[in-house]
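Have a look at these structures, which come just after this line.
Shared between the two complexes below is chain A, which has chain B as its partner in the first and chain C in the second.
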Partner chain A sequence: MNDLQFLTWVRGTGLNIAVSIFLLGVFWRLFEIYSLGHKKDLSAPRHASGASGLHTVFRRSLPPPGMLKRSPVSYIGGYIFHIGLFIVVFGFAPHILLIKSLTGLSWPALPSQFVNLAAIVTMAAMVVVLFDRINKPVKRFLSTFEDWFTWAVTFLPVLTGWMAFEHMLLPYTTMLALHILSVQLLLVVLPFTKLFHVFTLFGSRWYNGRVNGHKGVPV
Partner chain B sequence: MQGPLIDNLVRQGISRRTFLKYCATLASMMALPPTAGRAMAEAMAASRRPSVIWLPFQECTGCTESITRSHSPTIEGMIFDMISLDYQETLMAAAGFQAEEARHQAMKENMGKYLLIVDGSIPLGQDGAFSCTAGRSNLETLKEAAAGAAAIVAMGSCASFGGIPKANPNPTGAVSVSDIIKDKPIVNIPGCPPIPVVMTGVLAHYLTFGTLPELDDKGRPKSFYGETIHDRCYRRPFYDQGKFAKTFDDEGARNGWCLFELGCKGPVTHNACATTKWNGGTSWPVESGHGCLGCSEPDFWDAGGFYKALSMPADPLKFVAVAAVAGAAVGVGVSIANRAKKGSAKAAHETTTLADLEK
Partner chain C sequence: MSATLEKGVRVLKEVIDAPIASYFNSCVHCGLCAEACLFYTETGDPKYTPIHKLEPLRRIYEQEYTVLGRLKKMIGLSKPVTDAELDEWQELVYNSCTLCARCSSVCPVGNDIVYMVRKFREGMSASGHAPEGIKGAVNRTVTIGSPMGVKLPAVQAQMKHVEEDYGLPIPLDAEGAEYMVLLSSMEIINFPEYLGAIAKIMQQAGKSWTLCSTAFEATNAGMQIGNSDLARVIVSRIVEGAEKLKVKTVISPECGHAYTALRWEGANLVGRPFSFEVKHILEVLGEFQQQGLLKTEGFETDKLTFHDPCQLARRGGVIKQQRSLMNQVAKNFVEMPDAGYMNWCCGGGGGASAIEEGEPLRLEAFKRKKAQLDSVRPDRLVTACANCRIVLEEGLEHYQMDIPVIGLTEMIAEHIPKKGG
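Now for the complex of A and B:
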């Protein structure tokens, strides 16, 4: 198999398999999670200002008082790489074209050089966050294989995409194929790892906010 | 005419100065040092015309059309005339027995020294019966001609990689020259058709240095196939700015914006079209408003469609709907199991009394 055949495979059969597993996993997990339900809370609801599902959805996006100072890397680094990923995934013209061909939705692209810069910043932030995880004994202690693995499968598509764009290390065709393959790896593992927070983030915040709101506790 | 090349050139009104300029241009196109231009001129001027045998197999004659038409009457065309082209079915006056005789004679006289040019793929299906010349299969003819060749030039994508005849489902069992011949130096000059100057460049290199130019991993001369169309494209700045033509006649297309979204394969295609252009530097596909088809890459015909952007799926996603339904079914199944577990836990629940705790 030569490089163009490899690229055609990842664009065809590979994509077909990856997107299928991704959708299978997403539907499976969503049905499973949202059908769990919870026992009815029979106590009388207590009302407190700021205690509701919606409040929690927004509140959890900001660091609690004092936490920014105690763990700046988690918050600042986390924000930077999430926004960076958003720009890279949804701002790059070829990505928008893929989304358009799959869903019919499209929007104007950002200049490639800006997306390139965003990719570099994203990777830098991810490396800093990883280093922090290794460096801080508590974080390291709490980390499992899944944490390292999900970091890697998130980092690889950005790295390979950037290297393809910059023509580094390998010929563009091969690197582009590796980039698409790494995205497929991400798609396959996403529904079955903590990366599923892409779908459950706001739902779970709402759930926690709602349950605690019933008790009159703004979380 | 077996005399030195320069005599022939002079006879045809080509001055030494023009010839030197040509050699210098060729040398620079092939990324050779400036001194190579002079060396090339000296070697080529003094050289006797090398015998060249051109074998057409499963092909459309587009390669021959390209070589003969687009550069005539430029100096490249003259150089092309100056080799001793002893067998070329399209161009030769002889036919039938005479033609075959000419080939056999050339092969005999120049044993081990002639250049073999092949265009077209070689069918292996039905014992090669899909393409025969003078009652012999292409496979047989190729093996015989290759045995006495100094080197082989696989001209065009069919000879280099199988090309269109090899496209899915490859009914004739077409293969490339390098799939069959393993013991001779082979240079691939893919393209559908290839650029004429690439051929003359390779020949000039061979005449000057007695070797084939440096090749990439697909056997193509690095000097012509070292960079992608995309990297040398004059529309590249629009790609970087995110300005794309959406259709072939919208404002973007009229403004010369990037053709990536219209399926241009420039980013994965290695060829010299963007720099040498076609028809004596007149234009080239992207300049005329159409994206690159990727014709100098192996299996370009089966690379997911000419009008699909590289980042788009090569095939329709077939299993997606089934996968989504299956996923939902598994999810529902798991949730039913979870609820059953919860229900049975509830049913099995026993109330703990104070007495139990004091036991």
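Now for the complex of A and C:
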């Protein structure tokens, strides 16, 4: 298989397989989790403004009082790489074209030089949080193979995408194929690892906010 | 697998619900929950990271409720939960967790960790891995009627004393009273002023109230140990008492966990909504204050600060009342850093104070409270939980800090003018 054939395969069959596993995985995992259900709360509710599941879904995106100071790298690094990933994934013109071809949806793209910069900043932030994970006793203690693996699986698509854009190291076609392949790895892995938090975090925040909102506590 | 372990694992399987599944799947191992937990912040030991305290529960979840986990279990790739492991976890789930819920307030993905600890304790207690100290308290509550072994005659003796000292009647089993007042053993034995305070406050407000001979104890060690069956037995006494006396409102005393057990868990334990309301004494005082039924004279002039009991504030939603009550009788009320919703636990909630062998850790964790107090240097410390009060007093004594601890209800009552006087 030459470069072009490889690229054709990852863009075609490969992409189809990965997207299928991703979609089936996501639906299955969501079902597996949320079909467990929960008991109705029979205690008398107390209402308070700002206390509900939906409030918490949004509010928990901000650091609670005192927390930013206790763990600045987690918060600042976390914000930068999450926002950066969002910009890179959904702001880059070729990505939007791909999404359009798959779903029909599209939106205006950001200037590619800006996306390029975002990719660099994202990678820098990811390296910083990786060092923080190695450095901080609690993070290191909690970390399992999955934490290092998912970091790598998230980092690779950004790195290969950026290198392809900059025509670095390998011929563009090869790098692009590698980039798409790394994205496929990410898609396949996502539903079955902690990366699945991109879906469940909404449910988790909502449950927490609702249980406490029932008591009139805006969490 | 031993029979008790089997029972414990079965209970753990039963308590796992969609929220717990969602929480475990959301955790990104960021460790921020540790930064909120006083057992980690004061010791620096990563094993006290809140989410780590749930590791056995997480594995049971994974092995039983996920396809991949079941597959791994089938081919023998997963580590089963053992008695030895649960034994090791006793310290993490009881001694070093006061159910304070600070972790649940900070987790960025929204995990309600304390919700899971409470459920995990169900399995720990079913498999026989609960600490002896709490087991004893539960047994005494179920067989004698109170965790400290207090029986009705002791309460009646206390009632008599208070009637003599205050010249006010203490009604017992008065049917149709508006309020039924509960006590905690701690108050019956150590802080009898509470009962006198209630008598004065109720008389001034012109409200009818009563104690109940079959349900005077409010604390619920069954909930703390994590045994819903026993917690139900204890709560049912109060429900039956309140229904028999046809009261409108049951007043939970200055005890945080009693409030959580009755106000939020009670109806769920007995399986039906209550026909009466449950209020913490500070909520009732807050209402009296708003309705102009709480008239006080004079002020405390020394520097006072207020320790928010976790179950009352962060886990109970009572945060404003204590502040306006403090201001009614205190000229120099100062707040500690993080006061209110984010206040730090005294270190002895959730049954932890009943665990003797947990004391060194408790005193270590108290350094957090000490730091809070050092930053405002109060003359006295006010709170609204008899358990916090005892734990605070122990901690203060250990660190040789000369700060008396008082209950808010009593302090308010001291400012109520004598009738006709």
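The rule we apply is simple: the second predicted complex is superposed on the first by the 217 of 219 C-alpha atoms of A that agree within 3 Å, B and C clash if a C-alpha of one lies under 4 Å from a C-alpha of the other, contacts with A are read in each partner's own complex, and residues count from 1 in each chain.
As a convention for this text, contacts are C-beta pairs under 8 Å (C-beta built on N, C-alpha and C of every residue); 3 or more make two chains touch, one makes a residue touch a chain.
Computed from a predicted structure; not experimentally measured.
**Student:** Have a look at where A:V19 lands relative to chain B and chain C in the superposition and call it first, second, both or neither.
**Tutor:** first
**Student:** If you stack the two complexes on chain A, which partner ends up touching A:Q113: first (chain B), second (chain C), both, or neither?
**Tutor:** The answer is first: A:Q113 touches chain B but not chain C.
**Student:** Given the touch rule stated above, what does A:R46 touch, chain B (first), chain C (second), both, or neither?
**Tutor:** In the superposition, A:R46 touches chain C alone.
**Student:** In the superposed arrangement, does A:R11 touch chain B (first), chain C (second), both or neither?
**Tutor:** In the superposed model, A:R11 contacts chain B only, not chain C.
**Student:** Once the shared chain is lined up, is A:F31 touching chain B (first), chain C (second), both, or neither of them?
**Tutor:** A:F31: touches chain B, not chain C.
**Student:** Could you let me know whether more residues of chain A are touched by chain B or by chain C?
**Tutor:** On the superposition, C touches more of the residues of chain A.
**Student:** Have a look at where A:L176 lands relative to chain B and chain C in the superposition and call it first, second, both or neither.
**Tutor:** It touches chain B, and chain C stays clear.
**Student:** Is A:A93 touching anything from chain B or chain C once the two structures are fitted on A? First, second, both or neither.
**Tutor:** A:A93 contacts chain B only, not chain C.
**Student:** So, does A:T200 touch the first partner chain B, the second partner chain C, both, or neither?
**Tutor:** Touch status of A:T200: second partner only.
**Student:** Enumerate the residues of chain A that count as touching chain B in its complex and touching chain C in the other.
**Tutor:** Shared contact residues on chain A: 28-29, 32, 35-36.
**Student:** Where on chain B does chain A make contact in their complex?
**Tutor:** Residues in contact with chain A: 218, 228, 230-231, 239-242, 244, 260-261, 267-268, 294, 297-300, 302-304, 308-315, 317-320, 322-324, 326-328, 330-332, 334-335, 338-339.
**Student:** Which chain A residues qualify as touching chain C in the complex?
**Tutor:** Of all residues in chain A, those touching chain C are 28-29, 32-39, 41-44, 46, 48, 51, 56-57, 60-61, 63-67, 70-71, 74, 78, 136-144, 147, 192, 194, 196-197, 200-201, 203-209, 211-212, 215-217, 219.
**Student:** Where on chain A does chain B make contact in their complex?
**Tutor:** 2-5, 7-8, 11-13, 15-17, 19-21, 23-32, 35-36, 93-95, 97-98, 101-102, 108-113, 167, 172-173, 176
**Student:** List the residues on chain C that touch chain A in their complex, please.
**Tutor:** 16-23, 25-32, 34-36, 40, 44, 46-47, 49, 51-52, 65-68, 104-112, 115, 263-268, 271-274, 277-278, 314-317, 338, 341-342
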